[in-house]
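Please go over the structures that come below.
Both of the next two complexes hold chain A, though its partner changes from chain B to chain C.
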Partner chain A sequence: MNQPTDFVTLVSNDGYEFKILRLAACIAGTIKKALDPMSGFRENTQNRVDLPTINGVVLEKVCEYLYYNQKHAASKDVSDMDIPPELCLELLIAADYLDDMISAISPILGSMPGQTATDTARASTSTTLNKKEDYVTSTPS
Partner chain B sequence: MSGRRGRGANTGGANPPPPAPARGGRGGRGGRGGAAGIRGPHSALTDFLAANNISAQEIRDSYQQRVQQAEREAAEAAANGEGPSNDVEEDLQAESSAMAAERSKKKRKRDQDEAIAKIKKGREAKKKASKKKKGSDDDSDFDDVLDMVKKAPPIPGQLKYCEICEKRFTVTPYSKAGPEGGLLCAPCGKDMAKDLKAEAKAKKPVVRKGRRKLESNRLDGMLQRGPKTLQQLCIETLAKHSEDIDELGEMPEGIMKRISEIFSKKRAMNSTTMKLFLQPDMDTVAIHEAAYLETEDYDQIFAVCPTVKKVSLRNCCQFKDSNIDYMIEKGKHLRDIQLLGANLVANDKWIELFIARGQDLRSLKVEWLDAAFDDQAVEALSTFCPNLERLKIERCKRLGVDSIDAIARMEHLQHLTLRFYCEIPHERLIHLITSVGANLRTLCLEHFLDAEDEPNDDVLDAIHNTCTKLRKFRFTENNECSDEGYVRLFTDWSNPPLYYADVNSTRDLDNTNPDGPDEAVGLTSAGFSALMAHSGARLEFLDISSCRHISHQTFVDIFDGAKQYPHLAEINVSFCPVVDTQIVAGIFRSCPSIRKVVTFGCFQVEDVRVPRGIVLIGAPRAGDQLEQFGEGEVVEREGMGGVGGRVVPVMG
Partner chain C sequence: MIAGRGRQRIRPPRRGLHGDEIDFENTWATIEAAFREIHTKNASKLSYEELYRHAYRIVLKKKGEQLYNKVHGFERGWLASEVRASIQQLLSPNLLAEAQGAGATSPNERRVAGEKFLKGLKQAWGDHQVCMSMLADVLMYMDRVYCADHRRIPIYNAAMVLFRDEILNSPISVIDARAILGLINHVILDQIQMERDGDVIDKQLIKSCVWMLEGLHEDETESEEQRLYNVSFEKDYLDTSRLFYRGESERLLQDSDAGAYCSHARRRIYEEDERCKQTLLESTGPKIQKVVEDELIKNRIHELVEMESGVRFMVDNDRLDELNLVYDLNMRVDAKKTEITRAIQKRIFDMGTGINNDAVAASQAPVSVPAADPAEKAKGVAQEKSLNQQTVAAIKWVEDVLALKDKFDKIWRDSFDSDPLLQQAITRSFGDFINSPTFPRSSEYISLFIDENMKKGIKGKTEMEVDTVLEKAIVLLRYVQDKDLFERYYKKHLCRRLLMNKSVSNEVEKQMISKMKIELGNNFTLKLEAMFKDMTISEELTAGFKKHVDGLGEKDPKRIELAINVLTSMTWPLESMGGTVAEEEASRPRCNFPLAVEKIKRGFEKFYSQKHSGRQLTWLANMGSADIRAVFPKAVQKDGSFKERRHDLNVSTYGMVILLLFNELPTDKYLTFEEIQAQTNIPHSDLVRNLQSLAVAPKTRILIKEPMSKDVKPTDRFSFNESFSGKFVKIKVGVVSGGNKVESDRERRETEKKNDDSRQFCIEAAVVRIMKQRKELQHQQLVAETLGQLNGQFKPEVTMIKKRIESLIEREYLERIDGAKVDSYRYLA
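The block that comes next holds the complex of A and B.
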């Protein structure tokens, strides 16, 4: 069992690794849940989160945002961060995935040994999608 | 001006070199100027040197000083018993000190340069340095240097070469320092000052920018503290580049909805962008601002999404008969239809639509229709669409009393919202309420007046007796029902507590008698107390704006801080003149989940400390206080979910 470290590693689907402050990383709900010692995900012991739906370029921007968010958390009139229009859509999907998806999962689902949080997130995503028949599932395998 | 005058005087040679104390040696060649301005003969060299602002006297003085110093030091060394053995060293020392004195001028300038460079560096370092390091030695050093330089004014009267234009000029106390540390002549100094000013202006953060946006967001009831969410940022960027998007791809529905909303708000919803939101398997198409869409675009909706169940088009001005035909043909799954401002649809087409959708139609919302849609259409609706659960008809000019009777036959109605232009006799309205009221969960009756009858409270009594399932109740713009009627309505009502109560503008409208008649008209103190007693426990939204006769004491009693309204999130007390700072503060205390307080026209609301997470809008006297966020706990920002299914304004 590793001690929780100050820095954690985020891994994109094309293998880029970003080491960022744990505090900043935990701004994203999904990452926070994944690293939560109570949830017992594998990520917690490895201090490493695989994000198989996010590529390196987008993840870099995500990390930038996390630090931006952390820096400005308490200030009032925050100037907006620059978002390159070409990344916008991918980033939006990534943001949706990182922020909200996992908060919908009940904690019981999360404690399956060996499973990673992002697996669970994906599973839940696809079930809700199938149920709603809103659109074709987009989760890559 | 002063500079020029000084220069003129100088070139005239009227400025004598400072009188030097006669210290023996070679006597005063031109040394003794004195007050009379009489002086001895000058050598050509002295004249030349004087013209170049070099004083022979000064050179002499400094030489003598050096010699004296050397002597003094030698004497000191001898006194220390170091003997003549280290003569050489002494000489060296003397020489070096002399040289030092000689170079002192140059050095001073260099030092100044260095100091300025240091300051510049220091400023940068300061910017970078974290707060922890503040107060370290480095910084204080820099500060000292900064002080030193600032305090040393240019010595006036000397001639210098301007650092920029290299012209000679007389230094005055107002001479500016150049970028390299030298001095500047008056014109260059002015230019420099101008540049500096411009720079300072550019550097100053523009505080007012975005203030209007901020206010606008506040009016929409949105708080923005800290950074926006990444989603929000992305959506805003998307809206900025709405024209360049080829395809949105597969988006979660919630995000799709928000993008659509913000596009509508920014009037970016046109033929091109609308297609981004059409996907074959969608079951809801909601376009909140369809004014830019053309007739063909509406057909697109049903061509692309044949399985759509719910269609909501606001301001669909170009929605025509042909679109209705196409909708009937393609949209076989339609259950909910909302068309606002569809004035190009003929009466018969509406009837055709109702016949076609028939049993399936669950919900119909129409507003702002004045050319067509008359009583016959409503008649057809009630005949052919018996399963209608939700009906909203507002501001349709051609509707009359017959429509009310037709609606009274819709047994399955659960949500009913009506706003008619014409007057409806009380008995028809009461008939409607007694017919369908028992199942209603939403009842909104706006502006239902009857000038024919004597004003009475029968409508309210009918609601009291019939409706027992209401959750949302709106009864507005009424100057007929008395306070007593409201008291009777809310007292011992077998209806469960409301979550949404809107009784705004129920007051007497006589301008000549602003205080109202003796017998209170509209919701006043007693009625308001009864309302809060009945629904306070569950109430989430309360609108009592323009209920002018509610007393101050009533407000104080209801929002006393001890009584709690745990769910109340939004309250509108606009144009209740008695509302003051104390009452607003009481609202903050009594409503732990309050998020928005509207106080337009409440002139007694001043200097409110608005706790965090609450937005106070409208208060005309509160001024900048509105910007102030109180001390309260940091409230977790919740998702901006809508209350009661209303369309929530979007940021951007």
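The block that comes next holds the complex of A and C.
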């Protein structure tokens, strides 16, 4: 077993590598589990998590959020992080995949009637996968 | 709307990222292969993200249910084939045979086999937990999305249930249908039993297995009560423990003494407590405690207390530690501590009754002496002796009771943690035997004890010591119910002390009074204080009279000095100063004093009536004393010298009167008893006593009696004993029965009768007080209130109250209310 390092590497599907604090990375459930020393998966031995479902732009935002979350975890009345609207759907899917980033994005999609942000994300993911439709057209606006 | 902002469009998720179609079977094959790797601990080759992504996709493709079922089936298969087999391998034939109760194996073999089994089980359980935790991590998305939406239990929990079903509830082997769970219980219990027998066992190992049982549940509700630990193991544990301790307590009660039993029980309780903390679960603590307490204490405490070496033995032998153990045990099962309280009370009562009986026996023993004496002449003296014996018995009684009290105080303090309940019980028991109807003398004995101390006991003691003695007396007094009887005796004894100047210290007397005042109230000591006041006034009077006489002029060398005590007749128990009332009343005024004395007596009467007009003085010659200087003619001394002898004789007033008769009598003449009586007019009994002390007592034989015998008969003749010789110049002629002694039976009956008489007045007064206030009252209530009012003084019998009420009705203080449902009375103003 190797020693757990302070920083871990997150790799996007288009090859961008993000070295971020292990503590911050572990805010995301999926990353945390992947790096869990108790389980001893390959990610743990390499301190590197490949994320083939997420592209560099989104992953950058994800990393930003992880730090943002870590920084403000203890404080109250934190203003929402600035999220570019054009990224929000992809971020939402990434959040669902990585577990526990939903709350950060949901305010932006909160205006969508009838569904919770998570449902929207999953529905849109499935739709994309199933019907190959252009998402924008099916988004209520 | 976001899209309405124009140029900013939400980018669509890129296609093809997740794979367009998904081949479930293939994906599952990948996952399954990975799971096998995980189960065989080869996880480091696997990419978590990859597995996660597979599961993620399956769930997204709405195939969560399939996935769930596959995983479930996979786990079931794994447990049933791989794990169960490895567990079954651990079961040695010995272990199985033993579990059936047919074991002839040694404890050590059993322990080793058991530990091996438990270790294997622990290992399997641990592995299962770790693997399932990894699987659950991989399947996190399924848990989060599929299980949450379809209300299925998370896969981890489902796998735990599988472990229960496939391992714990599985048969031991193909041919043996008993479940492994039962075996686990058995092995653990066996290990615990070994520990109880003094073996060392692997507590940590057992604890791990216990945790396993704690983590699994009997059914799907997963409630606290349904944990396998509670349902399966704990019940067995409590049952076997109950059986074990039942047997053990039986054996111990037969084999060892109570002290050992107690310390053993305490150790067991402690052990079980520790066991729950270290080996089992703490939640079992109270339950097993109850079992142990039930079996070792509650069901046995009675036997334990009653054992030959039980509480009685401990009390008798001052086994304070053991008593403390018994107390402790009793307290565990019974907040009221009934058993030990009962035993202690019984012991106090028995010991107290023993002291009572000893006192009675001691006071009666000498009475049997005259019976053995052939001559009857000894009877009188023997009676006196027996009185002395009784006094000694009385003081011994008090000291014994105090010793008993000290003993139980110590026990109470050291063994019973100063428990207030037990203190009450002890106090009650002391009260019980002190006020026992078969032993009516406690008041008298306590008063005598004080008397003895006032006269002799406190001599040469420091203030502190004196105070302790007084405090002791008060302690006893507290127990006495009939305080009025005590007051009567105390007055009598105090009276004697004061008049005969026997008190060592007036200060101490006063101290005692003030102590009683605190304890019993103002009322109680009122008359006692009046007695002291009389004494002070008398001293002043004596001094005043002396001055008065001095002032009369010419010094008369032969003048007699007079010291006088003027006593208020109501306050002083004069009748108790010897002789019976009837005799005294008849003869008191008629005692003839010699002229010289008579003169000074007149002088004082005159002096007194000048000071206080309208008061009548009655002379009580039977209570006084006199100092006489007597000159005996020359006689040959032991050392051969030949000279006159002078003695200062301290005699009673009567003795003085008698002796003065012989002043005028020629040496060779004599007086008969009848002549003496005629000339002096001294009451018969007093005369007999005084003559006895003057003529019979060997050391103070100033008169010669003919014929010489111990009894004084009317025909006896008395003459002056010229050849009298004494060692000292001052001689005290003690009058028989001069000191405070225990009363004879006759006297006591009288005292009691008098006491009853005065009680009647008290009761009447109380009844009238109550009725005056209430005007009308029912009988029951009246009796109750009367009892309440008199509580501090004595406890009257109800019949006595009834009689007093009758008497009051007769005298028209009260009347019955006609036609009332229950008996009621009305007060008549």
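FYI, the second predicted complex is superposed on the first by the 98 of 141 C-alpha atoms of A that agree within 3 Å, B and C clash if a C-alpha of one lies under 4 Å from a C-alpha of the other, contacts with A are read in each partner's own complex, and residues count from 1 in each chain.
Basically, contacts are C-beta pairs under 8 Å (C-beta built on N, C-alpha and C of every residue); 3 or more make two chains touch, one makes a residue touch a chain.
Everything quoted here is computed from the prediction, not taken from an experiment.
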In the overlaid three-chain picture, which partner chain does A:80 touch, first (chain B) or second (chain C), both, or neither? first
Of the partners chain B and chain C, which touch A:64 in the superposed model: first, second, both, neither? neither
Taking the superposition on A as described, I'd like to know which of chain B and chain C A:89 touches: first, second, both or neither. both
For A:72, decide between first (touching chain B), second (touching chain C), both and neither. first
The answer to whether chain B or chain C touches more of chain A is C
With the two complexes superposed on chain A, say which partner A:52 touches: chain B (first), chain C (second), both, or neither. second
Taking the stated contact definition, name every residue in chain A that is touched by chain B in one complex and by chain C in the other, in rising order. 85, 88-89, 93, 99, 132, 134-136
Per the touch rule, the chain B residues reaching chain A in their complex are 210, 214, 225-231, 233-238, 240-241, 244-245, 248-255, 279, 281-282, 629
Under the stated contact criterion, what part of chain C meets chain A in this complex? 1-5, 8-15, 17-18, 20, 43-49, 52-53, 56, 60-62, 130, 133-134, 137-138, 140-141, 144-145
Which chain A residues qualify as touching chain C in the complex? 13, 29-30, 33-34, 36, 38-45, 49-53, 55, 84-90, 93, 97, 99, 108, 111, 122, 124-126, 128-129, 132, 134-136, 139, 141
Under the stated contact criterion, what part of chain A meets chain B in this complex? 62, 65, 68-69, 72-78, 80-81, 83, 85, 88-89, 91-96, 98-99, 132-136, 138
